[in-house]
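In this document, chain identifiers A, B, C, D and E correspond to the written order of the chains, with residue numbering beginning at 1 in each.
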Amino acid sequence: MIIGKVVGSVVSTRKSEKLIGNKFMIIEPIHQMKGGLSQESRQESRIVAIDIIGAGIGEYVLVAQGSAARIGCGMEDAPVDAAIVGIIDDGAGLE
Amino acid sequence: MIIGKVVGSVVSTRKSEKLIGNKFMIIEPIHQMKGGLSQESRQESRIVAIDIIGAGIGEYVLVAQGSAARIGCGMEDAPVDAAIVGIIDDGAGLE
Amino acid sequence: MIIGKVVGSVVSTRKSEKLIGNKFMIIEPIHQMKGGLSQESRQESRIVAIDIIGAGIGEYVLVAQGSAARIGCGMEDAPVDAAIVGIIDDGAGLE
Amino acid sequence: MIIGKVVGSVVSTRKSEKLIGNKFMIIEPIHQMKGGLSQESRQESRIVAIDIIGAGIGEYVLVAQGSAARIGCGMEDAPVDAAIVGIIDDGAGLE
Amino acid sequence: MIIGKVVGSVVSTRKSEKLIGNKFMIIEPIHQMKGGLSQESRQESRIVAIDIIGAGIGEYVLVAQGSAARIGCGMEDAPVDAAIVGIIDDGAGLE
């Protein structure tokens, strides 16, 4: 898994019917947020994950990728390759 | 998933028979399009995805990768590792 | 697999119920720890892995990623994409 | 999928018996071939793919990676993680 | 698959019982060994693979990654994500 910060969400009306009802959160992996990296570099790494936990913008989360996102979230048949699977209790010190 | 912009398509006449009937769209991940990255860097990240939604060139899309593309799009037996699974309602502000 | 050093752990109270009971260890891949790379670069590569072996902070471990972590650790249905699957006997010389 | 150029092949006599009869082609992803990248950078990205289509050296091809290569090519039990699954009709303009 | 050079091995006494009996070889992907890349960069890319062929240190090998390593090597239930699946007949010219 990676740790990321929820920085936003996207809306998609025309999508696979298997995705209906899901929220698509934009995740910025936090280990790429150090001052030594430029703003551009950070944005490169963003991914979109569905949210089965109910994370809010600004929270630090655990994101599972690959088949783990699909199968581990009970969406075996959905085109999902990343999911928020936990919220970090205290993100202080992670950045 | 990643967010990408559809920038073109490719044609392949000689291909796996399991791919017949699919469109192959060239996707440029949008979080790599900031001015701070050179033109060369952007092109590095391009991928080819099948399109089950009907996206047009210039649209911003959600792309699922890995087994999610194959299984999530009902093509369990096809050699597909990336698929457009949604069109972003408003891509403004993403670049 | 990759070799990594266990550098910490994270706590997540609100998480997928399939993850309850697991420890989440922060892993720093050791082949990215050479002096030639900046501190920022090292942090970019960190991943979070569950631990089925009982590794301690500071130990060098083998980490399996992808479906191997889930299926190889008997957690077929859990949203897990990385797991510590062995502890290196002697990490000296690896950095 | 990615688009690559077939730049060579490798021979392996001692190999998994499940790989017998396959050709191993060396693929250079074309979106990494721009003049702005050094020769070294290009070589970093090369992968080896089996060929189920019959591509020749110099041709531009679609390469599927991951489980798509194995399952999509009818080689469920073989240790294959990349396969040429189509030949691009006209590679002009891709580099 | 990627082509790599076997540069060493690691020993792990405390490991998943499903890994008992396997050798863990350290692989350096050869397309990252050009003079233009620094020593540090090379080491970043090293991976650990099990060896089902019997490769020796210094040999050039084909490495399969992901589920192909696990399923293609008859270790469906083991936490393995990389395997040496062939030895290149003649590595001359690859570096």
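Basically, a residue touches a chain if its C-beta (ideal position, glycine included) is under 8 Å from a C-beta of that chain, and two chains touch if they have at least 3 such contacts.
Because the structure is predicted, anything quoted here is derived from the model rather than measured.
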Shared interface partners, meaning chains that touch chain B and chain D: none
Distance between the centres, which are taken as Cα means, of chain E and chain D, whole angstrom: 19
Inter-chain centre distance, chain A versus chain E - centres from mean C-alpha coordinates, in Å: 31
Residues of chain B engaged with two or more neighbouring chains: 66-67, 69
Chain contact topology (line, ring, star, complete or other): ring
Chains in cyclic order, anchored at chain A, direction fixed by chain B: A, B, D, E, C
Chain A - residues contacting chain C, complex: 1-3, 29, 31-32, 34-37, 52-54, 62, 64-69, 71-73, 83, 85-90, 94
Complex interface listing, chain B residues touching chain D: 10-16, 18-19, 24, 26, 38-41, 43-49, 66-67, 69-70, 76-82
